[in-house]
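Next up is a structure, given as C-alpha cells.
Labels run A, B, C and D following the written order; every chain starts at residue 1.
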C-alpha cells in the first residue's frame, strides 16, 4: 500500500499581517494542516512571481500567497501593487495551463488567526484532492534524464 | 580537495590552501604541474571558476589559489570553511619556461589581483635563488588595502636578494604609506630596470598589460624576453567551449603564458 | 547498373533496421517545425524539404545534456558520469551540408581531450545522405567548394532517381555498408538515371574572402561595424548552425545533489566572454560578429584545415534581421576586388 | 509622389540640414519578400530606403542601443503604429527622451501603405486610440479560441509541446523593443531564478518569465514571433496578456508617453475577486 498523498505547499506571506495571523493561530492553539512551509517576506509587494516559479521548480504541489487587507499595508500600498501583479500572473499561469487551484491568494490580518487556520486547511484539502502536480513534476523529472534524442 | 587553510588577503580577496584527498590525483599533479598553469576550482551546485595555481612548482604538497569574491562560484568558494571539500580540475595550459631564465635577471611586474600568477613564478625562482641573477618585483594596486600577500611583500622587502618596488594608484595611499604613488607603467619607467640579460614577467588587468608593454619597449626590452599570462574567461579548459579564443589561439591550451612577441601577433582589439 | 533503393521498399527497410536494434531517424515536420527526429514508419519522413529548420547537430550535440550527477555528504563528494544512453542509430535522409558539418567538427572535439559525448554518438550513427535536387536562394554549399552531393561526413550517399521512384545507393564507409547489409535483399540493381543535383549558384569568392580575412589590417576595418549594425545579438544563427560548437557548463541542483550540464552557448552573447573584472574582450556586437566570421573562415581552418561552415545557409535563412554569412562574405568579396 | 518618395525626400532634408543624425528605416533584403533594417546617416544614401507592405519589423528597439541617443542628437525612425506605441512605453519607462525621436509613421492595410501624419510621438495619440477601440485582426484568433476552450491539462500539454522546441537562442528577447534590460533575469545567477538550460523545465520557466515581464508592456508588433527560429506562437501569449490588462485595468500599452506602467501603478478599487 502506498501512503496517502500529502501535498507539499509553500506559503509566501507578509510579516506584518499574515505572519502575525499565523502566530496568533499558533498561540491560540489552533490546529491546521502541517503541509505548509511558510516563507516570511517584508510585504506582499516583495513577493515576486519568480518565487512562485521557484516553488514549483522545487516540486511544490501548491503555492499560497497572503498579506494585509487592502488599506492595511505597513508600507501603505505594497499590497495594491501586489494585487495587480497577481491578477496578471494568475491569468498567465491559467493560460499556460497551470491550474488556478494550485496557486491561491488571500488577505489575512494579524487578528485573523482563525481565518489563517481555516485557509490553510481548506487549501490543503483542495490540493490533496487535486493530487500531486504531475504535469509539472514530469517537467522536473525530464531534466534529470540523460539527453535522449 | 580539502581546504586546509584560508586567509583574507584584501577586501573580498581570499587565499585557500587545498590538499589532495586522492593520492593518484596528487601524483598526477606533482608530475604535471609547472608554474603558470591554471585549474578549474569548483563547488558542485554552483559551478567551476578558472584561476591560476598561485603556489609555486617548488611546493607541490598543496595548491594555493587566490581569488576575488564576485560571482556565484567565487562566493561559494569564499564561504567554504576549513575542512570543506571543493573540486579541482587541472592543471591545464602551458607554463613559464623558468629553466630558460637560469642565469638571467628577473623583473616581475604585477597589478592588483594579478599578483597570484606572478607570485607562483616568483617563489618558483626564489626557492632556487642561486640559479638566477638580480630579482626585481614591481607591484601596484589601486589602494593600499587592495595589495595582496601583504606578509610576503614584507618578506620580500626584507630580503637583500630581492628588489621590491611597491606602488598604489594616486588617491589610494594611506597616511602611513611609505612607498610610491603612481600607476605601474609610470613607476616602472622611473625604476628603470636594465633590459640587459633580463626576463620580464608581467601580469595584470588588460589595460595595465597594454601600457606596461609600451613602457618595457621604451626601456629597451626585447618582446621575446617579456612573458605575460592571459587569464581569459574559460569554462571547459580543454579547447572546446570556445570562449577563451583570441584570434586563432585557444588560451586554455596554447596559453595562458605567452611572450609579448606572441601577444603582439594577436588581434589587439580582442584582448 | 547501380544499386537502387525504391521508395516503396523504404518502410520495409525501416522495419528491418528497427528490428536490428537501430533507431531510425530522419527529416520530419512536427509541431510546426522541420527537424530530424526518430520515426516509426517511413511515411513520417518528409523528403520534400529542402532543408530542416534545425540542423543535424542536435542529434550529436544536444542543446542541453547532463555531464555528471553529484551527491555530497559531509566528508565525500560522489560523482557519476552521465554518458549518453547507448543507441545505434541510422539517420536517413540527411543533407550533404549537415553531414559534412559533423565531419568538420570531429577534429575540434577530438584534439586534446576527446569529447566522449560527441564521439559516442558519432560512432553509433550511420548517416545516409540524400543528394539535393532542389535548393533555395539561401543554399550556398557550392560557394564553400562543396556540392549538393558532397560525401564528406556521410556513410551512404543516395541520389534521387529522375522518375522519383527511389534512390541510387552509393555506400561510402564500412559503417554504411554494414547498415545496408541488413537491407541488401531490398535493394535492386537497375539502370534508372539519377536526377541532376540542384544548381546552387556561387554567391561569393571564398578564396578572396579568406585572403581578406587573413590580412591583419582588415581586422579593424570599419566594415565590421557597418555589416553588423543591425545584429540584435541573439543566437539563432549559432544554434541552428551545424558547425557552431561553443558551450557553457552549468550546475543545477543544491548543496546535496544535482547535475552538471553542458548547454549550448553562443559567441553572439555579450556575457560569453565577460571577465569578472567587467572587462569584455569582445565588448561590442560588431566584435562578436567579426569573431564568428573570423573563427569560421580564418581561425578554425588554421587549426583544423577546414572552414567551419558547410554552406547550409540557415544563418541567413532564419536571421530575424536578415543578416548572415552569405551577405557578409558577399560584401567581403566586393571589398577584396 | 509615393509615400516612399516622400519619406526619402524628408529623410534627405532632415539629414542634410543636420536635424537628425541618423534615419533608421527599411532597405532591400536578401530576397524579394524580405526587408532589412538600414541605418542611413548621410543624405546621399537615402535611396536605400524602401517603404512598402513588406516593411513589418518594429525598428524601435534599435533606439535603445547603447550610446545611440546619449549625445542628445535626434534620430528618425520608420514606425508602424505598434512601433509608435513602443516609443511611448520606452519614454514612459525613462529609457529614452521622446523629444529625440523623429517619427516617419506609416501603416499597412492590405497592399496599401499609408502615411501617418505627425513627427513627434504625441501627435499619434488619435491613431493609437483608434487601435484600442478596434484592434486589427492578428490571424491567430482561431488558435487562441481553441486554447481558451481547453482544460488546464490540455493547455499545459499544448504549451509543453510548443516550448519543447525552444532552444533558448533568446531571439525573442533580443528582437523585442521592450526587452532592454542590461542583464536579463535568466542571465542573472545570484540567485538563479530560472534554469538556463534549455530542457523542458528551463524552457517552460523562461517563456513564463518572458511573457510576464511583457504583460501590460507588449505592443504586439510580432517581432518575437517572427524572430523565433522554431516557430513557437509567442505572440499568442503576449496577446492574451494584453487582453487581460485591457479587461482588468483598462490599460492599453503605449497610449502616451506619460502613461503609467500598468504594473507600477494601481487603483484602490482594482478587482480582487480571486483573493480569498
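Rule of thumb we're sticking to: a contact is a pair of C-beta atoms (placed from the backbone, for glycine too) under 8 Å apart; a residue touches a chain by one contact, two chains touch by 3 or more.
Here the structure is a predicted model, which means the values were calculated and not measured.
Asks: Kindly indicate the chain pair that has more C-beta pairs in contact than all others.
Replies: Top-ranked chain pair by contact count is A-D.
Asks: At what distance in angstrom does the C-alpha mean of chain D lie from that of chain C?
Replies: 32
Asks: Could you please state the distance in Å, as a whole number, between where the Cα atoms of chain A are centred and where those of chain B are centred?
Replies: Inter-chain centre distance comes to 50 Å.
Asks: Provide the C-alpha centroid distance between chain A and chain C, rounded to the nearest whole angstrom.
Replies: About 45 Å separates the centre of chain A from that of chain C.
Asks: Please set out, as single numbers or ranges, the residues of chain B touching at least two other chains.
Replies: 71
Asks: Can you list every residue of chain A that touches 2 or more other chains, as numbers and ranges?
Replies: Where chain A meets two or more other chains at a single residue, that happens at 143.
Asks: Touching at least two other chains at once: which residues of chain D meet that condition?
Replies: 195, 197, 199, 202
Asks: Could you list each pair of chains that touch, in label order?
Replies: Touching chain pairs, listed by label, come out as A-C, A-D, B-C, B-D, C-D.
Asks: For the complex, give me every residue of chain B touching chain C.
Replies: Touching chain C from chain B are residues 44-48, 68, 70-71, 74, 85, 87, 205-207, 232-233, 235-236, 238-243, 245-248, 250, 253, 267, 269-271.
Asks: Within their complex, state which residues of chain A touch chain D.
Replies: 49-50, 53-54, 57, 70-71, 77, 80-81, 83-100, 104-107, 119, 135, 138-140, 142-143
Asks: Across the complex, what residues on chain D touch chain C?
Replies: Going through chain D, the ones touching chain C are 29-31, 34-39, 57, 61-62, 161-162, 164-165, 167-171, 173-175, 187, 195-199, 202, 223, 226-227, 229-231.
Asks: Which part of chain C faces chain B closely enough to touch in the complex?
Replies: 70, 72, 75-77, 79, 108-109, 111-113, 115, 216, 219-220, 245-251, 253-255, 258, 260, 265, 267, 272-277, 279, 281-282, 287, 291, 294-295, 298-300, 302-303
Asks: Within the complex, which stretch of chain C touches chain A?
Replies: Listed in rising order, the residues of chain C that touch chain A are 25, 38, 58-59, 62, 64-66, 82-85, 87, 252, 259.
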